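Okay, handing you the structure first.
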Amino acid sequence: MTNATCEHCDVHEPHEAHEVHEIHETHDQQGDRDQHRECDQHAAGGYIEDQKRIIARLSRIEGQIRGIKQMAQDGEYCIDILTQISAANSALKSVALILLDDHLNHCVRQAAAEGGDVADDKLDEASAAIARLVRS
Amino acid sequence: MTNATCEHCDVHEPHEAHEVHEIHETHDQQGDRDQHRECDQHAAGGYIEDQKRIIARLSRIEGQIRGIKQMAQDGEYCIDILTQISAANSALKSVALILLDDHLNHCVRQAAAEGGDVADDKLDEASAAIARLVRS
Amino acid sequence: MTNATCEHCDVHEPHEAHEVHEIHETHDQQGDRDQHRECDQHAAGGYIEDQKRIIARLSRIEGQIRGIKQMAQDGEYCIDILTQISAANSALKSVALILLDDHLNHCVRQAAAEGGDVADDKLDEASAAIARLVRS
Amino acid sequence: MTNATCEHCDVHEPHEAHEVHEIHETHDQQGDRDQHRECDQHAAGGYIEDQKRIIARLSRIEGQIRGIKQMAQDGEYCIDILTQISAANSALKSVALILLDDHLNHCVRQAAAEGGDVADDKLDEASAAIARLVRS
């Protein structure tokens, strides 16, 4: 069942991360608001094409942070640690920008095509996420 | 020997992270430029009072990043991942600001008191680190 | 003529900022790519409801910058100038986030509803703008 | 009188931005805390060598903001306005970094050389300003 296209949201790609069947049951059981969220969660699909790249980058960042912690444990020079923190910050922002781009191109695009409340919710949610990122 | 004050840089605190004896040998063996760097590295002392707090925070951030990677592996919803990335970004900046504050209060302060080239080098280095952080 | 709805892009609101007639001429004269751009430019409509608020905020920021310049001319204290610059930076980001929200809710939403190349172009453009803002 | 060196703070450069005589009167009239502030304010000297460059950059940024406001008044395209806002943001940060560098190299350096409470106050103040900038 996993590779079928969701009958509710016909735009997005088939995917492997969720049991589609399960999701359809959820569609039946839950209210409108949750359906929208399920629908896109399902479309984690948002970043499914970039998933491997995103995971690889996050692994590298995890390693960077572990390295920075080790530097602090070894009492290494403040400035060298700061340099690594700035680099990790930039790397995190890059991952965030890939995710955002995927989110706009899949989840938001699909919701905008559906229109109505689904579109309103998705767009408000995206704006709020962008604001958090810009101010972080 | 570890708790003695370095005879070369009499301002900073005694510290545990390095073998003072070893460092003094380095002082004897290396040129002026390296002495300055050793001296402050030694004064990892810059952040020695905050070392535990900094390591604890970096451990938490490492856990956050691992959690974010797991979310991406589980195909979780883009926006939820973005929210966690923004939080990790802010947390990293906070650690950087603690380190910078310690660096200014120990390494830069001591170098400024020494004056001359040592002061020039330390101040240029601090400015460059701040610029990298602001732009990261 | 100014308050009429553009016959080309029937989604957006009528607006005052452009001569619709003029724009339609442009529609006739230019290729597809430019039409899309015209169409949304026209839909400055993106932020037309917030236009007054945005202009008011930009006026205030302009005044802030003029004040900061005066502080520098008067030789005022570095830290006081830095505080004002940080405040102006935050204020600029807030205006940018209002504009982005409007852009997503109007231009991007409308383009996503149209689908195809129009949607692709608008979404790529929005992602690039977000990246510039996040890294600025 | 303007070009004389302040007898109170013998480290910094002579300057033109303040009436030294006036400042010395203030020194006599006010308590310790204010003396320190006066002293460095006086050492707006912090950025006196870069003052023209800083004012020129702020003039350019003021013009940028005025241009952005005009774009909003003309109903120009959201993305074009966002691009200009990101550019103004970067330009503001650059001015802030020049000011910070000057502040560290003059005010903070001088205070650190004096030591004691003066140094403590200046370093805390600088750290707080850096934190505001990093988070703005």
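Each chain gets a letter, A, B, C and D, in the order it is written, and its residues are counted from 1.
Methods note: contacts are C-beta pairs under 8 Å (C-beta built on N, C-alpha and C of every residue); 3 or more make two chains touch, one makes a residue touch a chain.
What you see is a predicted model, and the numbers here were worked out from it, not measured in a lab.
Chemist: Of the other chains, whose C-alpha centre is the longest way from the centre of subunit A?
Modeler: D
Chemist: Counting residue numbers used by both copies over all numbers at the interface, does the subunit B-subunit D contact come out same (over half shared) or different (under half)?
Modeler: Subunit B and subunit D contact each other through largely matching residue numbers.
Chemist: Using the average of all C-alpha atoms in each chain as its centre, how far is it in Å between subunit C and subunit D?
Modeler: Each chain's C-alpha centroid was found; their separation is 31 Å.
Chemist: Please work out the Cα centroid separation of subunit A and subunit D, and write it as a whole number of Å.
Modeler: From the centre of subunit A to the centre of subunit D is 40 Å.
Chemist: Roughly how far is subunit B from subunit D, going centre to centre by Cα mean, in whole Å?
Modeler: 26
Chemist: Would you mind listing the residues of subunit B that make contact with two or more other chains?
Modeler: In subunit B, 93, 96, 100, 126, 133, 135 touch at least two other chains.
Chemist: Pick one for the touching-chains graph, please: line, ring, star, complete, other.
Modeler: Contact map by chain: ring.
Chemist: When you check every pair of chains, which ones turn out to touch?
Modeler: Here the touching pairs of chains are A-B, A-C, B-D, C-D.
Chemist: For subunit D, which residues count as touching subunit C in their complex?
Modeler: Answer in residue numbers: 15-18, 37, 40-41, 44-48, 51, 54-55, 58-59, 61-62, 65-66, 68-69, 72-79, 81-83, 85-90, 92-93, 95-96, 99-100, 102-103, 107, 125-126, 129, 132-133, 135-136.
Chemist: Would you tell me which residues of subunit A are touching subunit C in their complex?
Modeler: Answer in residue numbers: 93, 96-97, 100-101, 104-105, 108-110, 112-113, 115, 119, 123, 126-127, 130-131, 133-135.
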